[in-house]
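Two complexes, one shared chain (chain A), two partners (chain B, chain C).
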Partner chain A sequence: MQSKPRQWQWAVPWLFLAPALIVFTWFKFVPIAKGMVMSLHNMKFFGPDEWVGLAHYERAISDSALHAAVGNTLLYVIVSTVVGGVLAFCVALALQDQARHVRIIRTAIFIPAVTSVAILSEIWRIVFYPAANGVANSFIALFYIPAQSWMADPDQALYVVILLQIWKSIPYNMVIFLAGLAGINRELYDAADVDGANVWRKLWHVTLPGLIPAFSVVIMLSFIRGFRVFTEIYTTTGGGPAGRTEVIMTVIFKTGFERLDYGYAAAVSFLLVAFTVLLTVLHITIKNRISRF
Partner chain B sequence: MTQTLSQKFARVVLYAFLLIVFCGPFWGILATAFNSATVQPGKLLLWPEEFTLRHFSYAWHEAKAYVYLFNSLLVALIGTALQTLVSAMAAYALARKRFRGMAVVSLAILSTMMLPEEVIAIPLYLTLQAKIPVLDVSLYNTYFALILPVVGWAFSVFLLTEFMKAVPQDLEDAARVDGASELQIFRHVILPLVKPALGTAAIFGFLMIWDQYLLPLIAVDKRELYTIPVVLRSMRVDEIMQSNIFIAVTVIATVPSVLVYLALQRQFNSGLTAGAVKG
Partner chain C sequence: MKYCKLGLAIATAGALLATPVIASETVSVWMRYGENERPVLDKLVAEFNSQTGHEVDLFLANTDFETRLARAAAGGNLPDIIVNDATAIGQLLEMGVVREIDRASFVGGDEIFDVAWDSTLGPDGKHYGVPTSAQAFAVFVRKDWREALGLEKPQTWEELFELARAFTEDDPDGNGEADTYGYVMPVSATRGYATWFLSDLIWQAGGAFVSDDGGTFHATLNTAEVATGVEFGRSFICAGYAQPAAITATTGDTTPVFASGQAGIYRSGPYHIAPLYGEPGKDLVEVILPPAGPAGRDSLGEGEAAFITVTSEIPEIAQSFIEFLVSEKGQRLGMAEGMDSSPIVRLSVNKSVDTLAVRQDEGWATFAEQFGEAGHYFPRVPNWKPIRQMTADGFNRILADCDSDIGAELAAMDGIVNAELDRQGVLSK
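Here is the complex of A and B:
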């Protein structure tokens, strides 16, 4: 429009950005800033908050309950990433065919990945019900294994919830691997055939190197998902039995919403954020290093 | 490719195994929900012994599953629509304009992608309870508290920005010469050209909002505002409910997101790989 005064042109992008900026500011940036301030204070319900400096962060360093939760979270992240990644890679290899029936199977096994975590948790609680006639116990009874207590057993609970994470992430990772497999140059396989390479050599020298970007994405997403895990734990075991499945986020949630210790909860939150950012930077650095070769 | 009989057999066994592992539990809750006799907790059936809709009827009317389903659908649909619109507008500015402060804005939005939403739960809870300036109302315990915090989603902004960047400048220039206003260019030139990306952003947005758990948990404490994922746990924890009825509620809760996925699979898969390759 020629008639529009030119001096208002600068406002156009800001008008388009305004709704996004409002929601991002009010529901993301303000809470982040508020959380940072909270982590330096003792929050009081009456009267002004008390400045405590880095005391909450110091407390986090020597909090043994938090350390146990960090240990559980690390185990959760590492086992679910490795097992979920490797199994998803195998499933992707088995289902990379473009035949119609394979496409249908791929669609069907993706259902857990699009279902709410809260629902998956309820299904998990039914499948791993700790009675002799529960689904999982009936299954292992076929192999003459005695009935287990699963999520009610302090020694098994964490592994059962890790299994839930693996179950949910395999279909998701599979799609990423399938996209990676589709991107591998077919001529490389033909060249390997000419050289007389067998299936395993082709897998090692063509498929795996071609899937490095896919592996990198899978590992990164799985790490980020794992460190922030909350719903999967809260809705299955709630951190129990005896705190054996407590993870960083459930500790933060309980500290904040049950013990109302907002300041300390905010401090632990920020340690988690800092750690996540560090991990992302590390990942990008390693990725760039690899792609340079 | 020729396959020997044993290879074919191995494939069939593998496919069956995968289907049992990933779909079996869903089949089990479906069959159990339709079974007339009440099953013991923890038991799932392969096939209903005597078919009935009684548990669904009870779950719907007495357990009020419709209230929670309505809440979930309302939040997910309105949230998706607002999220896609707000993201598309922001993406238009970031992809098609050059202005001072652009780098700061896009970095700020993108940085929230790295931030685990969960860690701002407590300050977000306090923000929702706080009175909004000017209007002097608090969002806590309203539908707004369930919807507005998910409207800003960096993934959606990022995805749409990438696609809008790919629209040739000539098309925009031609429209401008014809006297089209900014809003007309946005609505009639850019948006139609990125329709597939809008679809992808909307599906992912819907599934993301549908999966929200911590937000509804902290945003409302009135039961009639609960979404279906939140109500599941409280139904299990504080009520004595027959397991078939509880399973029927679980089935009702599972259906919408699975239907959305099955109906819109193509856009979904293209988005998943685009997001994976770029992100």
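Here is the complex of A and C:
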């Protein structure tokens, strides 16, 4: 009699997952599959679509505009992940205290993470308005630095939008690090104290190894966020000046919704999805290797 | 009595049979306008309804119009009529969603200016839409600033540049601070703004985007004339006489710059007359003809057009709505005559409507004069939009760097445009 319910026990987790799975299937997996099919066609909107096989993928390989965008995206991802991660780690170390004033500062720091990107972008455009009396230019004028063109300068624009991403991601990463710090066994610090370890030794041998899972989450999320960045770019520079802030997603958007070349846009999107999946798998593998030691 | 009733019944039935019964239909219409234009459109629709008994289901969208249209096309949910920029015709034809209009059987077709009809020609020489409104670009200037500095209305490029310099350096608003600029330039690559803005200067310098070799085309950007036009545009930015951030600005950014008194020269269309007469104010703004370059004062001519979709099940009724829209009555209503609302008809396409008599305003008169004498349409390649975007990317690169090699960049753009013309099947061999 007891064996019967056990027979169906495997179904219980699936039943709990079912609502989310159904929604995900309909809104994520089905569109992904449709996108895949679309990428093999020239979309006609009207009448039968034209089968082109892998032509769009071949075009992506030789598309120099896309290559430039991939380069910009890589720079965007690497700089924002490294700088955003390191700064967030420092902020988390400084704010791991439980004092009341720290909580106020934590809240203040967290505000960019919960504010709409469109609003942050508008703030950025105001702060970095390239007039001599712009906010950022007025500030650097205090140090006798001449006014800069910021997002209107092809050589600076990408770094200014990367700074926006860093500002936005620090609080998010900080919370992950704070959670990681709280999870480190206090006894390890006590033991290190007994051994006479100084602050740096404790950081290197206790804190950092204990934060590997937190670093892992931060890096993975930053990578994924960075590769599919769109709103931050589209609302600040629109990919300009001179295409120097063009990223993969803005290229996809322009190809799809401005040139209405849905087939090619779908192909590039699919490559981005495949790359993100690959990156995630790679990351998890590396993380597992490290945590084994 | 019985016979009397029967006779009445027969007479009634006879009368019913004699009068053709027209079922009231609903025409769905998508228009690239916003809520500012709704009062005018509601009035138009009410008048059409009272004349024909047919209803009109209006959908208005100023932003992402093409994207919504593409979605509707992909989902098989197109409206009966699309009213959009006439330049969208290439894209609509490429999508295969609009049907041919027979100009001969179009009621009132001979009342429409030929130059306007030309804007709806497909590459096969047939009409695929009906022009509903026309316009050309001119230049708004802060009259009070110009007069305060004792300068004349600029008539040449040199005078325009001098005005921009004076507006930037000579404190035209007299507040003692260097907080004003000359020329307001939307030259972002987004949606092709850089090309849209520079086209005037290129034509004024005597250049052209492509050469029409009789149905086929080849790019002609790498010429001394185009370089002159682009370099003149760049000189405002490099001298600091354009507003800051011009290089990433679209018209959404630039209109407030002029309206709020940060800069004093703005090239735009007649649709900005009403907003700019509101702010900074009618007394402070004047409309001038575009200052002439080496080859004249041509400026972009544009217009709107109505298209009937291939999916429409009531094309005759859809056409009757368009016939009403371009009739004298429809055009007058569309011009918001006697209303305090934004018009949907800028310059009338109907020969019977005297635009100036309806408008009675110097600014409108200037726009009408410019359209009549020096309006210049974009080249009639099958699909202009991708070329507009590609050239805008190139122009944006040139304008972003004061030391960039204009000739080399234009030569590269020629290659890109020719490749696109080839893709569209119209490259001259």
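Rule of thumb we're sticking to: the second predicted complex is superposed on the first by the 265 of 293 C-alpha atoms of A that agree within 3 Å, B and C clash if a C-alpha of one lies under 4 Å from a C-alpha of the other, contacts with A are read in each partner's own complex, and residues count from 1 in each chain.
The criterion applied here is as follows: contacts are C-beta pairs under 8 Å (C-beta built on N, C-alpha and C of every residue); 3 or more make two chains touch, one makes a residue touch a chain.
Keep in mind that what you see is a predicted model, and the values were worked out from it rather than measured.
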{"item": "Touching partner for A:Trp200 - first (chain B), second (chain C), both, neither", "value": "neither"}
{"item": "Which of chain B and chain C A:Pro154 touches, first, second, both or neither", "value": "second"}
{"item": "Contacts of A:Ala131 with chain B and chain C, given as first, second, both or neither", "value": "both"}
{"item": "Which of chain B and chain C A:Gly243 touches, first, second, both or neither", "value": "second"}
{"item": "First (chain B), second (chain C), both or neither touched by A:Tyr144", "value": "neither"}
{"item": "Partner chain(s) touched by A:Trp8 [first = chain B, second = chain C, both, neither]", "value": "neither"}
{"item": "Contacts of A:Ala179 with chain B and chain C, given as first, second, both or neither", "value": "first"}
{"item": "Comparing the two partners chain B and chain C, which touches a greater set of residues in chain A", "value": "B"}
{"item": "Touching partner for A:Phe257 - first (chain B), second (chain C), both, neither", "value": "both"}
{"item": "On chain A, the residue positions that both chain B and chain C contact, one per complex", "value": "125, 129-131, 133-134, 257, 262"}
{"item": "Touch list for chain C against partner chain A, complex", "value": "64, 66-67, 70, 73-74, 91, 94-97, 178-179, 188-191, 244-248, 250, 310, 385-386, 389, 393, 396-397, 399-401"}
{"item": "Chain A residues touching chain C - in the complex, by the definition given at the top", "value": "43-47, 65, 125, 129-134, 149, 151-154, 157, 236-244, 254, 257-260, 262"}
{"item": "Chain A-facing residues of chain B, complex", "value": "14-15, 18-19, 21-23, 25-26, 28-29, 40-44, 85-87, 89-90, 92-94, 97, 99-100, 102, 105, 108-109, 112, 114-127, 148-149, 151-152, 157, 179, 181-182, 186, 207, 210-211, 213-214, 218, 228-230, 232-233, 236, 243, 246-247, 250, 253-254, 257-258, 260-262, 265, 269, 272-273, 276-277, 279"}
{"item": "Chain B contact footprint on chain A (complex, rising order)", "value": "1-2, 10, 12-14, 16-17, 19-21, 23-24, 26-32, 34-35, 38, 91, 94-95, 101-102, 105, 107-112, 114-119, 121-123, 125-127, 129-131, 133-135, 167, 170-171, 175-176, 179, 213-214, 217, 224, 227-228, 230-231, 234-235, 249, 252-253, 256-257, 262, 265-266, 269-270, 272-273, 276-277, 280"}
